[in-house]
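Read from first to last, the chains carry the letters A, B, C and D; within each, the first residue is number 1.
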Amino acid sequence: MIVVMKAGASQEEIKDVIRKAESLGVQTHPIYGENRTVVALVGDLTRVSREIFNAMDGVADTMRIQEPYKLASRTARPDNTVIEVGTVKIGGPDVVIMAGPCSVEGRDQIIEHAHAVKEAGAHILRGGAYKPRSSPYSFQGLGVKGLEYLAEAREITGLPVITEVMTVEALPGVVEYADILQIGARNMQNYGLLQAVGKTNRPVMLKRGLSGTIEELLMCAEYIASNGNYNVMLCERGIRTYETATRNTFDLNAVPVLKQRSHLPVVADPSHGTGYREYVPAMSRAAVAAGADALILEVHPDPDNAVSDGRQSLDMKDFAQLVVSLRRIAEAVDRKVAPPVGAVSPVAA
Amino acid sequence: MIVVMKAGASQEEIKDVIRKAESLGVQTHPIYGENRTVVALVGDLTRVSREIFNAMDGVADTMRIQEPYKLASRTARPDNTVIEVGTVKIGGPDVVIMAGPCSVEGRDQIIEHAHAVKEAGAHILRGGAYKPRSSPYSFQGLGVKGLEYLAEAREITGLPVITEVMTVEALPGVVEYADILQIGARNMQNYGLLQAVGKTNRPVMLKRGLSGTIEELLMCAEYIASNGNYNVMLCERGIRTYETATRNTFDLNAVPVLKQRSHLPVVADPSHGTGYREYVPAMSRAAVAAGADALILEVHPDPDNAVSDGRQSLDMKDFAQLVVSLRRIAEAVDRKVAPPVGAVSPVAA
Amino acid sequence: MIVVMKAGASQEEIKDVIRKAESLGVQTHPIYGENRTVVALVGDLTRVSREIFNAMDGVADTMRIQEPYKLASRTARPDNTVIEVGTVKIGGPDVVIMAGPCSVEGRDQIIEHAHAVKEAGAHILRGGAYKPRSSPYSFQGLGVKGLEYLAEAREITGLPVITEVMTVEALPGVVEYADILQIGARNMQNYGLLQAVGKTNRPVMLKRGLSGTIEELLMCAEYIASNGNYNVMLCERGIRTYETATRNTFDLNAVPVLKQRSHLPVVADPSHGTGYREYVPAMSRAAVAAGADALILEVHPDPDNAVSDGRQSLDMKDFAQLVVSLRRIAEAVDRKVAPPVGAVSPVAA
Amino acid sequence: MIVVMKAGASQEEIKDVIRKAESLGVQTHPIYGENRTVVALVGDLTRVSREIFNAMDGVADTMRIQEPYKLASRTARPDNTVIEVGTVKIGGPDVVIMAGPCSVEGRDQIIEHAHAVKEAGAHILRGGAYKPRSSPYSFQGLGVKGLEYLAEAREITGLPVITEVMTVEALPGVVEYADILQIGARNMQNYGLLQAVGKTNRPVMLKRGLSGTIEELLMCAEYIASNGNYNVMLCERGIRTYETATRNTFDLNAVPVLKQRSHLPVVADPSHGTGYREYVPAMSRAAVAAGADALILEVHPDPDNAVSDGRQSLDMKDFAQLVVSLRRIAEAVDRKVAPPVGAVSPVAA
């Protein structure tokens, strides 16, 4: 860490900084410049926060040199983490496709959708039983019933299931039925929930918040990992900017940045990222070309009648065509789309 | 709501939109333009979501004409809501000042701080017992012990207490001890938590999320109100933008916008809003000049040794001076800073 | 256009809106809702600005239904515009690669670079003779000398040349030497400059401003086209957001959005878009996968000693490898990278 | 400057950085940490750009310790710059009010407006003769005719005049007629224009760009000052963020930040900052409470019929009331609104 003193900082203020740093067990290297002094701190600074120094008299600013996360960092673990969900491996050489409707709308619907997305090439079934909605008057999901339907769809098709968990209270139920726990964008920094999923042994897909930085996303993964659950996937799903031509600004740059900084698998969500189905195929191809390990896509056989997010849902035909083109892109970057999932769910088996 | 059809939408697609709207019980008015058709929908649209139409073939876009919130809207209730916390009234003619340290650090500390901020002119004591921290390795607050210390400080000084509740599990404890429940910025859209505080009878201060729009803030207030708790204050605390000269971009414009759209009291938090104590006095004065009903300020007798957020904490002397200048500003806008709180807590009494 | 009246707007205010609209030669369709009235305007609204109505008493808001640009719109011209620069065609089936150093640093340097990028597969040589720099104390470019060196490099290698024009005064010189005029991000809304390049017959590459919306980019292209120059390329080069892990947020979503809305060729600039050379290959591949017609890349044989933007410049070896991988991506989306440029410049010839 | 090496940087790479720094005439202080080395650079670094080091092998990042601007910095000049425009002093103890219509619409109109705003308490007349418009089909201003009308209005009322200059070509004309040259937000980084106004002896009001940082605004002021013109005012007029409840996000925090970092006068523009006339009075009061030296306001006797920006224009009655309330706010912060301007223009005299 570098502590930058103000232009007119006194000798006493500089000494206070040095004393404080030494009291925290780190070495100090003051450097006296023409107008300003900086104090470099050397040692294990993971638990030393910048704000301790920021608050001191005479300090203008502080800068962190090392990453504030450890378990999520590629420095700590150079090899890719590969997360196994049944026979599906996420983070390895194969590109994985998660697909399904925004919401579980009923038993027959989700089973029908599961068959359809599987046939078109999906490896994992997505579907929301609990839905975070900006209006209290909107459909909030089927809850436990939805989880049961998802589990039934898995047993029939063999597709593992990913679904969102919104509250600590609902967690035991979701853990019972789901193969992957999804933490939604609005809950990226819901630390109570992160700690709770960190104490389960289910893989977690953590979505970047609408205004989450890449570093914050990694810190939130650290919350989960530091509670014992290392099977975390990082999901880019669009950030909030001034641009309104897309629903969010799908920040595909996060893919190479995350792959460089972390060993954790990276998932891209162009459905939420762009918000319009007509942009999803182009941005899905772009995501695989940029190095994403998996895609999560909203697909609905009849988007016009979806109870939520129909605007960003592909229909089955467009989804099937997209999977074909993704195979070609994956090959162009020396990967391949993962092979089809077998008939019997390896989780349920 | 206005449904805008694509340039080349077919007659059949237009009819589908009309049929769908009529099936939802709203009237339709198609308008045929040179290149495009729009369909205006008239009736009670609170429960009709835009996405139903967005997803339909031939639809280019939809636009909502009416506010999607009701209970929080000034249209529904023209008079200001005044929330009484003991003898303190928030949302009325007097400007209220909430002050205290970022974190409760210990029993003696919080009692000493409570005395000091009261003497300087504060009406409500703030202090965090549960702290949302971006690093899992940082100090997370004293928890229930912190709540007990806060309550003791209230009993001694008579100042009502505001403190953050981060999880549904912690809610019963916080309700037991606190006079006002604070929902932090990271939890603005933690709907489970909003519903839970909506079922209590404690006043709530809801902070705007880092990327929350003003409309979303009002929708989140609606979540609380629609569960039965109408005593909600809206707090502007800075949004995330590209500018780094301040920690956040304190969006003071939210004050007149919220006062226009809603009857709920508006609180401004220039400490988090700017992140640097040297900008807090100017922006506190600006907030009162802009019409804020209350301020919430971080104050610490020894900011250099605060366990958190010292950089944005005023010391006692600066805080006392600020209160003096706020009295002048309040008078310049035909208000006044609320009178001092009596010796015995009206809540504890 | 839709004019939304305020909740309590009077009959007289509604009539004023109708009269105003009719005085502008457009038809009106008032729709009376439960709480609000809206007035739909139908006719040629290109020259009718929203602000005329926004300013009127009783008006809450206005919404535009049609695009405010015409010449740049795909509605007006469904077929792709293909811009020919010598034998290179931009906007057709082949993907074009523009490459070169950030700045022209000297005669020998730019000729050497031109040979090197041509050999590695580039079709057009980029290089700045006039440099927009945030500090007045930084290197500002070689000016006319730089233009002469660029022209010499073109004559030797046959590569057409793209270079930035920053001022109307410098325009005649740049037109004399350059094959494509670049308008930089800071000048996207420098309307005097747009009008001036619109009066030349040189192709123009218009970069999106740091906070430019996609619609504003198209409106700025309209400024050029409405002055008579239809050969405009649109360039995505990163927007300003809160994220600091990349220098800008390269908004790749703009590629499919622009291709949908406009017939003009779309160029992607991952060098400025990301700001770090290690992310450029992944995002270049992503850009081609997303449908970009061309890439513009900063390449320098010795990035460590580049006078500007070395951090985002690829070295020759990495650039050559990237071109190989781009050929594979282009094929995966049924395109190909354009064939090499012949030895003699078709422009100079 | 601090050069942060990558985790695995080699000894040779570190030495290269040291050699490069020494070749630029600055001292080096390498500090060897557990995982990383940083090299601190000490000396005059104004002309040493970060990118030189960013581009080198083994370098992870660089951080600047000192401000990159000198002439605009309060460190260089602790006392406030006071700019005299006739008898009006901007940047001194008195708060100055600039007001007038968005556009000069005609001779009689601007003379009538000038009388009206003067009577209501304005000190300087604003009005656009050249208008930057996002559509090429919108009204672009009266040009030289508009300048002549402004000058006539000044001679009749005695009010000095501020008007925008958009191009270098128009500059001689604007200098001939205007007392203050306005550089608009879209041209903040139009360096050719900044250099040109820097060579005149007219005071300049430089508006912050829609995505300009506070540091960039100061660097652009440096462009003007380094060309010899020290009479620069800095104007906050709203930045672009995701929030759409206001037209821009008026970043009032810029006022105390700029006053701290720079000695130059600070002007606030709540008309453009918020975009809606109903928020202008509150935010004008807030701006004065926050320490602004001047306000620039759009005022129009008949906003409904303004040719541009009527939505954000106050009418005369509201403006006159606002001035009254601003006097009270100014007094509450120990300033006062400047006294009325005498009958004869000190510039024209």
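Structure notes:
Note that in this section contacts are C-beta pairs under 8 Å (C-beta built on N, C-alpha and C of every residue); 3 or more make two chains touch, one makes a residue touch a chain.
These numbers come from a predicted model, not from an experiment.
Looking at chain C and chain D, the chains in contact with each of them are A, B.
Over half of the residue-numbered contact pairs at C-D are shared with one candidate from B-C, A-B or A-C, namely A-B. Centroid distances from chain B, each centroid being the mean of CA atoms, peak for C. Taking each chain's centre as the average of its CA atoms, chain B and chain D sit 31 Å apart. Centre-to-centre spacing of chain A and chain D amounts to 40 Å, using the average Cα coordinate of each chain.
Per-chain CA centroids place chain A at a distance of 27 Å from chain B. Taken residue by residue, chain C touches two or more other chains at 211, 239-242, 244, whereas all remaining positions touch fewer.
Against chain A, the residues of chain D that register as touching in their complex are 2, 4, 7, 29, 31-36, 38, 40, 42-44, 63, 65-66, 75, 240-242, 244.
Of all residues in chain D, those touching chain C in their complex are 16, 46-47, 49, 51-52, 54-57, 68-69, 132-138, 166-170, 186-187, 189-192, 195, 209-211, 216, 219, 222-223, 226-227, 239-240, 303-306, 308-311, 313.
Residue ranges of chain D in contact with chain B, taken from their complex: 211, 213-215, 239, 241-246, 249-257, 260, 273-274, 278-279, 282-283, 285-291, 325, 328-329, 331-333.
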